[in-house]
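Naming follows writing order (A, B and C), and every chain is counted from residue 1.
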Amino acid sequence: MDRRSVLIQLDTDPQPSVFDAVVAVDAGAEHLFRHGGVTPANVRDLVYGALFTRGPADLSSTAIFIGGSNVAAGEALLEAVTKTFFGPFRVSVLFDANGANTTAAAAVLAALQGSGGSLQGVPAAVLAATGPVGHRAARLLVRLGAKVAVGSRRLDRATEVAEAIHRATGREVTPFAADTPDALASSLRGQAVVIAAGAAGVTLLPASVWQDLPDLKVLIDLNAVPPLGVEGIEASDKGAERGRARAWGALGVGGTKMKIHRRAIQELFASNDKVFDAEQVLELGRSLG
Amino acid sequence: MDRRSVLIQLDTDPQPSVFDAVVAVDAGAEHLFRHGGVTPANVRDLVYGALFTRGPADLSSTAIFIGGSNVAAGEALLEAVTKTFFGPFRVSVLFDANGANTTAAAAVLAALQGSGGSLQGVPAAVLAATGPVGHRAARLLVRLGAKVAVGSRRLDRATEVAEAIHRATGREVTPFAADTPDALASSLRGQAVVIAAGAAGVTLLPASVWQDLPDLKVLIDLNAVPPLGVEGIEASDKGAERGRARAWGALGVGGTKMKIHRRAIQELFASNDKVFDAEQVLELGRSLG
Amino acid sequence: MDRRSVLIQLDTDPQPSVFDAVVAVDAGAEHLFRHGGVTPANVRDLVYGALFTRGPADLSSTAIFIGGSNVAAGEALLEAVTKTFFGPFRVSVLFDANGANTTAAAAVLAALQGSGGSLQGVPAAVLAATGPVGHRAARLLVRLGAKVAVGSRRLDRATEVAEAIHRATGREVTPFAADTPDALASSLRGQAVVIAAGAAGVTLLPASVWQDLPDLKVLIDLNAVPPLGVEGIEASDKGAERGRARAWGALGVGGTKMKIHRRAIQELFASNDKVFDAEQVLELGRSLG
């Protein structure tokens, strides 16, 4: 019997992502079932269709991808999907709404590379850490042993993120307000790694601020749309020397992100029990070497 | 020119069934065009797309599957689809909304097996015969020559089903009310075959009732979600001895159902003039041997 | 890495066209991503998914088809799609909402054939030129050097079309009112080519009118649903002699239309910078010989 790989794309946007679909077929998914406008309410029947059609021995040939521009909505799908599994009736899942997991993992891999292969004890700050990519990047830095500070324009929101990461990891994270250039400069003093994870077309970090940071070694920007998030670097930077630091722009990080995304799709079909969220995606990225 | 098989999935639910899609590709459909939220109003243009794209000699390489959780809505699609055909301009169609046809056929095949290969003159009862699976199972039993009784909690609804089957087959069917254990026990006395086609998680037939039936030979339950529809058997039973009878649970019937479903998809591409509704699906199941 | 051809079907109807999908896979598109209910508002993200997933060298393996029954809505998509392209970031696009471009091109190719291979200076009239197919057919006739008249029941609407074609081509086009048989006969006197591009099931041109036209050589009807648009010919006519003229019916033109459609899909994957609108589709049709 034919047991070609089936990837079920569950997307919370009305039109399911073409980006995720192209990556899926380029990674080798043979059949792609695309669903837009998916809500937790219609997840159960869709997942049952994955669980009850192929025998237990063939479940690894079916997998689920969860995407869409709204990361919180995607997280609700992920929860609904995994809750539907029971006993051996499960298939592997990749969660990458808005590319948040693959982007955060690629950013942290750049930070790791720029730090000589270890982030243990390294002071690292994430700007716009309240967004889904920034939040994940900060959490992943913590997992790798960095001493992490998370910034937002509002201190209360930065504090919320710090507390959420503390709950998830048991490690302390320092919140800071990035509401003025002076506050920013002061909070970033001493940092060796800075990741800017802000919205498209918004400058978070002026050149005058980062060029004066004495200990800065790695500068990463995840915004590809001018003006960039970090002033004075290029979107295509990939380890380029910028002042005292090495810099990565959004396109420089993007190549790694794509590799991780494709590889994660392939890994879905290696077994039927994987759930790839941020940590697992980072691990997979590290294994790419 | 490329003439790979195209299956057009018309589903009345907003999200087209993943179950039906996996079965379709596992049966070898090379291209699957999936449509959710289909209504009779948009059937015509979709069917025209099947009829007017490949030459008359190639129409057997295109086919239509009609599904969705609402069997009555699916029947309306089936009518709209077949009305769109004219002259030689037709493609083969499989109707299996909510799995009703393949499930009913698999249940009746189990009844046939448990009855030594013939249902001619065999007294058989269907519980919850007012649902689409029960209704079809009863009709198929009649087609095979069984003396059929149809039960519902309400006698008037059982009577409606009996009359509908009479109109379809010209054969008499006995309605009965299954509103109390005593009524049930009384109506089932003398039956050799009982099929429980009720909703998930609802017990229709207490063990105390069926264990006392003197002539019972075959006991079939189509509900896989505990508590089962027939108390005292297992969902995985597949001809297991239970008291005086041999029993089939939902999973025991399910394997046959899947085989019929896949084979029916394959048969769609053998010619361009088949319409597989319950009777044709049963016939096809019998040919699987 | 796998770089199989991906065609993104953007359709303005709620259910994306099955017709266009079958043609796409028959033309060899390996992956088809189908989107219904597409509006200009959701085009950008879908197109980004085409542009940012494969390297610049592989962009020709991804392409876009724009369809749907509403030609004006499709034109708005086409504009939104091409506006999203920038620099080398573009993929090839075929616009064929309601089959308007391939049908108009096939009709004009028939006119060309019936006129001995050239339309230079040939008087040609289009009936129902206010519809999308008629409008395009008239514009294409102008491009090939014909002296074109465009008819509508209302002179003001015919005048609008004539002016639009003048703006697009710089050439004069004569509007006429086709509100009575006498007006029609008078306007068509002297025409060598007449194309009827009206709605399904509506007769535009009575036999008594066209049989008296002294210079008529080519008669083309694009309505396949009886009563035909041109009285006294057959839908399957393909260069048949009818009175003084050679006639093409909708089915006679349809074979050419299908060939053009399939070939255009294939051409999408030859480079990443083509936009196939009416003129390009005609050119491609001419190259089929």
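The criterion applied here is as follows: contacts are C-beta pairs under 8 Å (C-beta built on N, C-alpha and C of every residue); 3 or more make two chains touch, one makes a residue touch a chain.
Predicted model only: the values in this text are computed from it and were never measured.
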item	value
Rotational angle, Cα trace of subunit A fitted to subunit C, multiple of 5°	120
Interface composition of copies subunit B and subunit C: same or different, split at half	different
Rounded Å distance, subunit B centre to subunit C centre (Cα mean)	46
Touching two or more other chains - residues of subunit B	none
Contact set on subunit B toward subunit A in their complex	13-15, 17-23, 25-28, 32, 34, 69, 258, 262
Interface residues, subunit B side, partner subunit C - complex	1-4, 6, 8, 31, 33, 35, 37-38, 42, 45-50, 52-54, 62
